[in-house]
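Mind having a look at this structure? Questions to follow.
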Amino acid sequence: MSVTAENNPLVELKGVEKEFSKQGDSKKVLSGIDFDIRKGEVVSILGQSGCGKSTLLNLIGGFDSPTGGELFFDGKQVTKPSRRAIMLFQYYALLPWRTVLKNVELALEPEGLSKEESRERAIRYIKLVGLEKSMDQFPSELSGGMQQRVAIARALSIRPELILMDEPFAALDTFNRYYLQDELLRIQQQEGTNIILVTHDIDEAVYLSDRVFIMDANPGTVRKKITVKLPKPRDRAHSDFQYYRKWILDEFNFSYTQDQLDFNI
Amino acid sequence: MSVTAENNPLVELKGVEKEFSKQGDSKKVLSGIDFDIRKGEVVSILGQSGCGKSTLLNLIGGFDSPTGGELFFDGKQVTKPSRRAIMLFQYYALLPWRTVLKNVELALEPEGLSKEESRERAIRYIKLVGLEKSMDQFPSELSGGMQQRVAIARALSIRPELILMDEPFAALDTFNRYYLQDELLRIQQQEGTNIILVTHDIDEAVYLSDRVFIMDANPGTVRKKITVKLPKPRDRAHSDFQYYRKWILDEFNFSYTQDQLDFNI
Amino acid sequence: MQMKYLSTAFYVTAAFVLVITVWQLVIFIGDYPEALLPSPLMVFYGIITLIQDGTLFEHVRVSLFRFFTGYLSAVVVAIALGLVLGRMTKLWRVFEPIVQVLRPVAPVAWSPFIVLWFGIGNMPAIVIIFIAAFFPVLLSTVSAVKKIDKTYLKLAQNLEIKEMSLLYKIIFPAAFPFIANGLHIAVGTAWIFLVAGEMIGAQSGLGYLIVDSRNALDLDLVLAGIIFIGVLGLLLDKAVGLFEKWVGKQWGVQSN
Amino acid sequence: MQMKYLSTAFYVTAAFVLVITVWQLVIFIGDYPEALLPSPLMVFYGIITLIQDGTLFEHVRVSLFRFFTGYLSAVVVAIALGLVLGRMTKLWRVFEPIVQVLRPVAPVAWSPFIVLWFGIGNMPAIVIIFIAAFFPVLLSTVSAVKKIDKTYLKLAQNLEIKEMSLLYKIIFPAAFPFIANGLHIAVGTAWIFLVAGEMIGAQSGLGYLIVDSRNALDLDLVLAGIIFIGVLGLLLDKAVGLFEKWVGKQWGVQSN
Amino acid sequence: ATPVSGPDDNKNDVIRLGHLPITHAAPLYFTKEFEEEYLDGAEIELIRFGSWIELMDALNAGRIDGASVLFELAMKAKERGIGISAVALGHREGNAIMAAHDVESPADLAGETVAIPHTLSAHNLLLDEMLKREGMDYEDVNVVEMPPPEMPSALSEGRISSYIVAEPFGALGVTLDTGHVLHQSHEFCPNNCLCCALVLRDDFMEDSPELAEQFVKGYLDAGERAGEQTEESLAAHKNYLNVTDEALELSLDWISYDNLRIYETEYEFLRERLIEMGLADDPPSYEDFVDQSYFEEET
């Protein structure tokens, strides 16, 4: 599916830094970020609000460029967004004036397919996320969970090598969230797509990822990389699951004393 | 603190029903709700989106009236909102043009206190939630967590017998949520206020409540009342905690098969 | 539904009775001569006459024709220009001061130049309505384009959608609900200038009816004209309001 | 900051040069006599003359006085009425049809009656500006009151706050950002009617300057008047815009 | 320019008079210019209006005491029951029929557009009279009302083929070379076409008869001075009208301000023509409308 040589990492960050300057003031948001992501991996980035998770994801997606260090996608320096790495935005970014089908077809337009091919492919991915009955509905007629599934179908239909997700299930309630996490896992295993996932839900990170990166704030750095060595699908109530959950919780308690929290909240 | 005879329940629902009618169509949202809440209890109501949790809370608060059955607060039928049962709204309902201090003072106005007494009391409760440094700031200058604490201080300053909370921490990230849950527990134990809490976060329900009510939808009914027999403060990673967590999860899995979810999401 | 219409009818009737009563009271108390303040009855007869001799219909027809010609051409030009200027920030920064200075000038102030370039009759009225509608639509289009949710633009970048596709598949539809709001506002402002527009050499139309009746000191017909302008303005506004709502619904904006 | 002003100055200058160039080109190409389309230079001299003999200052002073009197009294009356009508749904349903029919009528159409009741000179201009500002502010106040977040009202119920406190401690401040937006829109519409207002027997003011110069075929002064109306209108608009922003900030509304 | 004050101070010594900025109102300008000379202590205030109709509104509502106004328009107001009387003329003659350069006779106007300032005006009557003499009908041309200042440019751009209006706009058409004079008014009416009149409100004349008399006397005297083409007179004109010397002199050549008495024959002609053209059903009679008292006492 990809032209990457198997020994190359898909994403490679080397000492990436990001500074924002506003009216003379400049603020270092990310500092010295180094990591590789291998083909087929699902990686979660966990960290408290404002630590730079979204900024990091934007850099990987090419929506913004780092002020220091280097960033490679499939061996090439990232300079602008590309169809090979699709971002799933927090509020889904569906076009409300297009039906589900047309939303997905929009993504296929630059492929130069014939009308039939394009429709066929869109329908295939809509079926994959189980929305074949809602194909002609408008996003506003769907629940939040269904909307997120349309966004996933749209992203998958492009057959990207990487999907970037910024708190993809934050707006959903627990029950929908659990269900969609299962869906995502199933599809990811079927399609073999890489996923980088930003979240602040520890359970979600443990449930979905091969590795969890834990970030510190001011400036944002990756403090710890935890490899979750559990077979998928995982059992949320199993003690092994709890082991990782507790580990990560402790990681956070360890770094945030009550005082610091008081200040940050 | 309260004039209730000790043997009376604080809140009592007897066969409460609620129907909404819109353009001829009528829809039964709640049906046959029966429960008592005893003095000093913290009760959580858990259920999937749309099952009628907010509707139920509005009825208890007197913001709406039931179409069937009876509803008592401290032995008297509930007909309109009262200062004895304060609602904490989901987006805090702070007045953005008033400072923290003035937001709290607003609530004290109908008490007929002198200016000094009123200020003193407001400051006391602001200190209780740890915001003495932000007293003269406007809500927009505070983080979501701090805003919620202002709303809690405002509610407490009235010294109500009951606080109703509609998904109080839904808009916060995990770390802020954990921290505020601890705060709430501490204050609740100190003040002895009753709390009824609507949530869709199972962990939150188990962590905070003496009893958890699980609701079914269409029409909304209370299917199960689970008493959490753990000492507070509780350890989220402890196996007893996990026991209740798994129990409730199973309750939901039991009632929602894959098909149903597909339809509802 | 039945109930809703009935209650609306009730309130409208109440409003009508209220106006007529106050009007008559003013005449009784102020003791104004009919020539200076016609009574409701006189105005009613005036309206009947206008309807019977068919001139009213003609005036309405002509005014609506002028209005729609001016308004619709303003809308087309202003939206097209607004989409382009909204994307080209630098160009807009040059045009903005010009637009901002021209906008607060009453279209009537231009009339010497309107006559010079556009003559008399239909054109001045159309041009004045054009001017009155043009600026609100242009400004709301530009600000709509600038206000578009940035994620749509990021999405388009991500999907590698080309500039032309972007403009008409994403920017225009995304901006449209705001533009529709601008259209709604513009309908009101433009209609107000109908009277002014039909003062320059027009020989028919509701504005002309008012001006001409005023010239002939027929204040009853002036009031009849005012009533028709008011009622038609209300209907136009409601029509555009419905259009706006329909757009909102189409676009999945929840209105309550 | 320095940079920002510099770049604004640059774009304004570019706009200015653009306008002058197009204007001269029109004159060259159309070959219009100076009396019918004055050149930029003539208008410039006209402005200089107006400044030197001090009349410009007087016109501006008088116009601003009339404008503020009319506008501010409209604002006060409309907001007070709007708050009450916004709360009293039934009363509003009676008044709404009246307001909706009166609103689209050009203030000029009322002038025979304005003269009858208010005479000539300052008053008609003030009244016309009042009318022009009144309806937008009233409508935006009523809709602001109706749009208030229902949780504020629930909160007030819950805290058992009394109706009077509710009105001035919660409803008015909660509605104020929307009202401020209405004030902003009204400033534009009202200013446009200055010219019309100063046509009725006024003997000074920028509108009078335009009308009088037009009657004297001094089109250079007409254009000078237009320029001053435009620039002052822009400044008024910016001033109210700043006020609106300030209100927004005070109210914790994030503007971007 | 003094700003006009509130509504209720029109019963003092200052006589408030409305006018339009046209050469036809010159006697008023001269009365004001040489106030001390002619009014012996009385004061007048001139209020300049933008158009006839605004002036009429103010006169009808009693906001001004009198005005120099279109004769026909004033008759209409009288017919509607407004208490006003015409006491003197504003001028004699001075209404040129202007036409585009390619229009050589009224016959060329067939199917073309002709502009007049107001339906109830001498200019409208003149047009009708001219067409009749030429054997044409009023309907043969397309008549439009438009603001006088717009007429010269409309003519130059070919939007209209002819216009008939008060001075100085006729003379301006000549000096700007946008057209030429096709006919003069005196060619069509028996000795004079009544155009602008000095009209006073009856309540004013009743309340302050001496003041009214003094004013009308001064007005008539001042009028004679307005017709003189002396340095002083030209300068006085230009204090009130911003117009080139060339155009002003041409206007004054066409207008006379000498005998401002309103004669019954002239009035009856006008009255009949108004009825004939369907512009008025029952215009007031000479006795009702024209107040000759100021002249009788004078002679």
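In this document, chain identifiers A, B, C, D and E correspond to the written order of the chains, with residue numbering beginning at 1 in each.
One rule holds in what follows: a residue touches a chain if its C-beta (ideal position, glycine included) is under 8 Å from a C-beta of that chain, and two chains touch if they have at least 3 such contacts.
Given the structure is predicted, the values throughout are model-derived calculations rather than measurements.
With contact taken as defined at the outset, subunit B and subunit C are each touched by A, D. Counting only chains that touch, the fewest steps needed to get from subunit A to subunit C is 1.
A count of contacting C-beta pairs for D-E and for B-D identifies D-E as the more extensively joined pair.
The angle needed to superpose subunit A on subunit B by their Cα atoms is 180 degrees, rounded to the nearest 5.
Taking each chain's centre as the mean of its C-alpha atoms, subunit A lies 33 Å from subunit B.
In whole angstrom, the spacing between the mean C-alpha positions of subunit B and subunit D is 48. One inter-chain figure worth recording: subunit C and subunit D are separated by 17 Å, centre to centre, where each centre is the mean of the chain's CA atoms.
Taking each chain's centre as the mean of its C-alpha atoms, subunit B lies 83 Å from subunit E. Residue positions of subunit C touching 2 or more other chains, listed in rising order: 36, 111-112, 116, 214. The residues of subunit E that reach two or more other chains are 57, 61, 147, 149, 153, listed in rising order.
Every pair of chains meeting the touch criterion is listed here: A-B, A-C, B-D, C-D, C-E, D-E.
Within the complex, the subunit D residues that touch subunit B are 149, 151-152, 154-155, 157-162, 165, 169-170, 173-174, 176, 250-254. By the touch rule above, subunit B contacts subunit D in their complex via residues 61, 63, 80-83, 86-87, 89, 91, 93, 95-97, 106-107, 109-110, 138-141, 158. Taken in their complex, subunit B has these residues touching subunit A: 48-49, 130, 143, 145-146, 149, 173-176, 179-180, 200-202, 236-237, 239, 242, 245-246, 249, 252, 256, 261-262, 264-265.
Against subunit C, in their complex, subunit D makes its touches with residues 7-8, 11-12, 14-16, 18-19, 32, 36-37, 90, 93-98, 100-106, 108-110, 112-113, 116, 185, 188-189, 191-196, 210, 214, 219, 222, 225-227, 229-234, 236-237.
Only residues 1-7, 18, 20-21, 47-51, 54-55, 57-58, 61, 63-64, 147-149, 152-153, 156, 169, 172, 176, 241-243 of subunit E touch subunit D when the two sit together in their complex.
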